[in-house]
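The block underneath contains the structure these notes are about, expressed in structure tokens.
Each chain carries a letter (A, B, C and D) given by its place in the written order, and its residues are counted from 1.
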Amino acid sequence: MNVLYFAWVRQKVGRSDEVIEHGPSLRTVGDLALLLASRGGGYAEAFADLRRLRAAVNQHHVGMDAPLAAGDEVAFFPPVTGG
Amino acid sequence: MNVLYFAWVRQKVGRSDEVIEHGPSLRTVGDLALLLASRGGGYAEAFADLRRLRAAVNQHHVGMDAPLAAGDEVAFFPPVTGG
Amino acid sequence: MHLNVQIQQEDFDVADEIEALTTDEAGAVATFTGLVRGGDGITGLVIEHYPGMTEREIRHIAEQAQARWTLITGITIIHRIGRLSVGERIVLVAVASAHRQSAFAACEFLMDYLKTRAPFWKQEARGEALSWVEHRASDDAAAERWRKP
Amino acid sequence: MHLNVQIQQEDFDVADEIEALTTDEAGAVATFTGLVRGGDGITGLVIEHYPGMTEREIRHIAEQAQARWTLITGITIIHRIGRLSVGERIVLVAVASAHRQSAFAACEFLMDYLKTRAPFWKQEARGEALSWVEHRASDDAAAERWRKP
């Protein structure tokens, strides 16, 4: 899966994207968020409070309970502030 | 008083303005409208149905019961259609 | 507050008017442009007004908007008169404000009141034939809803 | 329907965009322009977005507006990205329609959804210092009211 980070999530994890292999332990977006939080450092900071985060799968807004599949594009970001 | 006519009122009476002397029989705008209607011809046509007409005194929208005084600028016109 | 009211035959440029209206305090500009719509054989409009009263009424309406939405920083209202062809601009209402809600609300309020209070009258042209446009009850209803608390 | 969505660094001209949007069927054009507002020491904004998803979300929002207000004849949405100074234009939403009510309503609807759905993120600049803008609950509330029947 291609995982993208935007805004302060990107700043905290220190990168804008990375490839993470899909596996049976990554059933949902929330599972992936917990995996990332467990890495510690900036990741732990970015993923400390999932209520502050929003996610998209394949460029659609989703909740943390959305399912993941191999090949998905997953993005994490703060609530949007455009317009 | 200076009396002004706009839109189809102007067309029917055949002029855009005229001077009419204020007198005790012209207590209200409605009195003036009735006087004008009594002239017959285009005036009678224009002032046949006062519900179709609007009026202003000294450039303020008023009802037919608005009082008149010497020196007033009185206007008769259809409901507005700007914008 | 910046208030600019113009009744004119000449066309206007919306971008220039927005530019003239905005200051560093304005975060939002809502505009409405009314155009001569084609269809039904219409080739244009002829618009007349009551000089003096028109400006007075429009200023009065703009002052009401300003009193109601205090975040407003500027209002521009331009209304054209005379003969206009299909596709030409008739009217511009532009409202600058700190925030978008007040800009939208005031712009709509101003248009609704302009339609029901400002002394303009339109004739539709179909080639050489002219016919007076009838006042629409739906415009009165639109203006009326702003009276609700 | 004419639909034009652009995400760009470059500025835009509101008059040109209205011109491109209008046809003889359009009697009304409502626009919203968002500007970088000064005050509180702010010198500008830095805006980033999610390429691909942004365009997709905005098109989706525009299609919803078109389905809801069938009199709409055209929609243009332009959102700038990158570094912008106080007074610069950020966003344009322009809606052309047969009548004014649908133009106003759709323009406001589009702005409310843009604020809550389109993946843009702003940082405020105060000289060299940058700070992320917090999402406003009032924007969620503004978008939420369109769900009511």
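Methods note: a residue touches a chain if its C-beta (ideal position, glycine included) is under 8 Å from a C-beta of that chain, and two chains touch if they have at least 3 such contacts.
Just so you know, these numbers come straight off a predicted model, no measurement behind them.
Counting hops only between chains that touch, chain B reaches chain C in a minimum of 1. Between the Cα centres of chain C and chain D there is a gap of 22 Å. Centre to centre, using the average C-alpha position, chain B and chain D are separated by 48 Å.
Inter-chain spacing, taken between the CA centroids of chain A and chain B, is 73 Å.
Within chain D, the positions touching two or more other chains are listed as 34, 111. Contact with two or more other chains is made by no residue of chain B. Arrangement of the chains shown, judged by which pairs touch: a linear chain-to-chain path with two open ends. Against chain D, the residues of chain C that register as touching in their complex are 13-16, 18, 22, 24-39, 86-87, 98, 100-101, 103-104, 107-108, 111, 142. Every residue of chain C that touches chain B in the complex is listed here, in rising order: 34, 47-50, 52-53, 56-57, 79, 90-91, 111, 114-122, 132-135, 139.
Partner chain C is touched in their complex by these residues of chain B: 4, 6-8, 56, 59-61, 75, 77-83.
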